[in-house]
Amino acid sequence: MLVIKRLDIEDARSLIAGARAKATEIGVPMCIAVVDESGQLIAFERMDGGKITSTIIAQDKAYTAAGAKRTTESYGTASLPGNPAYGINSAIGGRLMVVGGGLPVIVDGEVVGGIGLSSGTPAQDVECAQAGIDYFQASRN
Amino acid sequence: MLVIKRLDIEDARSLIAGARAKATEIGVPMCIAVVDESGQLIAFERMDGGKITSTIIAQDKAYTAAGAKRTTESYGTASLPGNPAYGINSAIGGRLMVVGGGLPVIVDGEVVGGIGLSSGTPAQDVECAQAGIDYFQASRN
Amino acid sequence: MLVIKRLDIEDARSLIAGARAKATEIGVPMCIAVVDESGQLIAFERMDGGKITSTIIAQDKAYTAAGAKRTTESYGTASLPGNPAYGINSAIGGRLMVVGGGLPVIVDGEVVGGIGLSSGTPAQDVECAQAGIDYFQASRN
Amino acid sequence: MLVIKRLDIEDARSLIAGARAKATEIGVPMCIAVVDESGQLIAFERMDGGKITSTIIAQDKAYTAAGAKRTTESYGTASLPGNPAYGINSAIGGRLMVVGGGLPVIVDGEVVGGIGLSSGTPAQDVECAQAGIDYFQASRN
């Protein structure tokens, strides 16, 4: 039997709050998704003005980061033409995201969930996803 | 040009808060989804213990209620064998839900969104969805 | 943070061994799927002669049982015309199975995974799924 | 509550008329799709001789342009290998289009819908989509 640590709904709200605060600060309304360590949705918010296409993309970024235990951005490099993971972006019916904005959430060295942001540039998405994790980690101490 | 009224993120949070309070009261952890009038996700929460299958079903109930401008429960009767909408449950790749728990959110006679609950019995799902709407409507006055 | 119990690969092999022994005994080659508590596949075997369509159906039965924390057979009754869950069978893109053969695996009162069988009659599928659970539970003591 | 502007069916017909006139002029029978600001289809025409594959592609171009509030062509550049949105083309089950021919329709600074063309070269698709918007905008004055 395995014993798994997993984000609860309060953790998810904390991650969203931190990401939303940064999104507000930089003036980009975001779609924000938090999934558990199995990639299943725990919480989601589309800020007013967040993009319609991003409702799906944010969730898939979170799913990819939690499920593959790595940032979606890291897949962007790994999947460049000529690199070993080339073409991985269309895997799982297109759910595997290689664009930045999905980050695993790690506690005590274990992936306990994932956060995915979408609506800004990939750099903005990453910045806000990281802000969500920073806020969550700070609030745990 | 049309002018459309749509739930904003604060409205969505209010709907979720009302549904969650009722779910807590009856002791059934729920998946709760709120979509806009076009069926696109605005906000979602899976209470700790909400069912994995319900993460999708709650969203699809909300989508159906908003998109078709009727309760998912009403489709259950309309789609009984021999009735005119028989078989509609598998439409849209199975997203059209005919099980109770999806309600349109109506303001000034217009559908402005939908709420979908899943994890309890259909009757419990309906009860909590209605509680979300009641709370939202009360908080608007 | 939540702490979740989950079947490991040895548990999954044990479940499959028990189900396979019964399938051999009754002379029906089966597809046998074991998923974790989030419905994700841990192990799968298609006995020689198992049905092609059952490779999918067995997985979806296991997913449904684990994700919804109930037997797929119980959904068969609940979703009869006129019953509250009527029409649920096409939910989640048709993955939600209401045909017998999917059982949740429960340890210390918690759902830790699911097992799904397909290729026989539903009654045979249920019998073999239960045999898998019985074998697994006996081997834990 | 949000208030959203959205193309109506007359607007959609106007967009199609403008695009069709240009397609006729250049001698390329087109598939022409118009969606609302949420990416939902309002009107569609396949000119005699339009490509079968383009019935889907035109819709997905319009969906992408409206939902992401940018031209599909701009995604083509942004998603080149080494650029930040590399790999985005397979998102949303492959619906996110990065090939030219999808344009957002903007009125008073707001995205009110999208138009998508397919069957010609991407340059021809863009030309006809733009002609649709030009005709629509001119007819509004």
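Lettered A, B, C and D in written order, each chain numbered from 1.
To be clear about the criterion, a contact is a pair of C-beta atoms (placed from the backbone, for glycine too) under 8 Å apart; a residue touches a chain by one contact, two chains touch by 3 or more.
Keep in mind that what you see is a predicted model, and the values were worked out from it rather than measured.
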Farthest chain relative to chain C (centres taken as mean CA coordinates): D
Cα superposition angle of chain A on its copy chain D, in degrees to the nearest 5: 95
Chain B-chain C separation of Cα centroids, rounded to whole Å: 29
Chain A and chain B: spacing of chain centres that average the CA atoms, whole Å: 25
Inter-centroid spacing, chain D versus chain C (mean Cα positions, whole Å): 45
In chain A, residues with contacts to at least two other chains: 8, 38, 40, 48, 52
Contact graph of the chains (line, ring, star, complete, other): other
Chain-chain contacts as defined at top: A-B, A-C, A-D, B-C, B-D
Residue ranges of chain A touching chain D (in the complex, touch as defined): 48, 51-54, 56-57, 60, 75-76, 79-81, 89-90, 93-94, 97-100, 121-123
Residues on chain C engaged by chain B in the complex (per definition of touch): 2, 37-39, 63-64, 66-69, 81-82, 84-94, 96
Residue ranges of chain B touching chain A (in the complex, touch as defined): 8-9, 12, 40-48, 52, 55
Footprint of chain A on chain C - complex, ascending: 1-8, 11, 36, 38-40, 107, 112
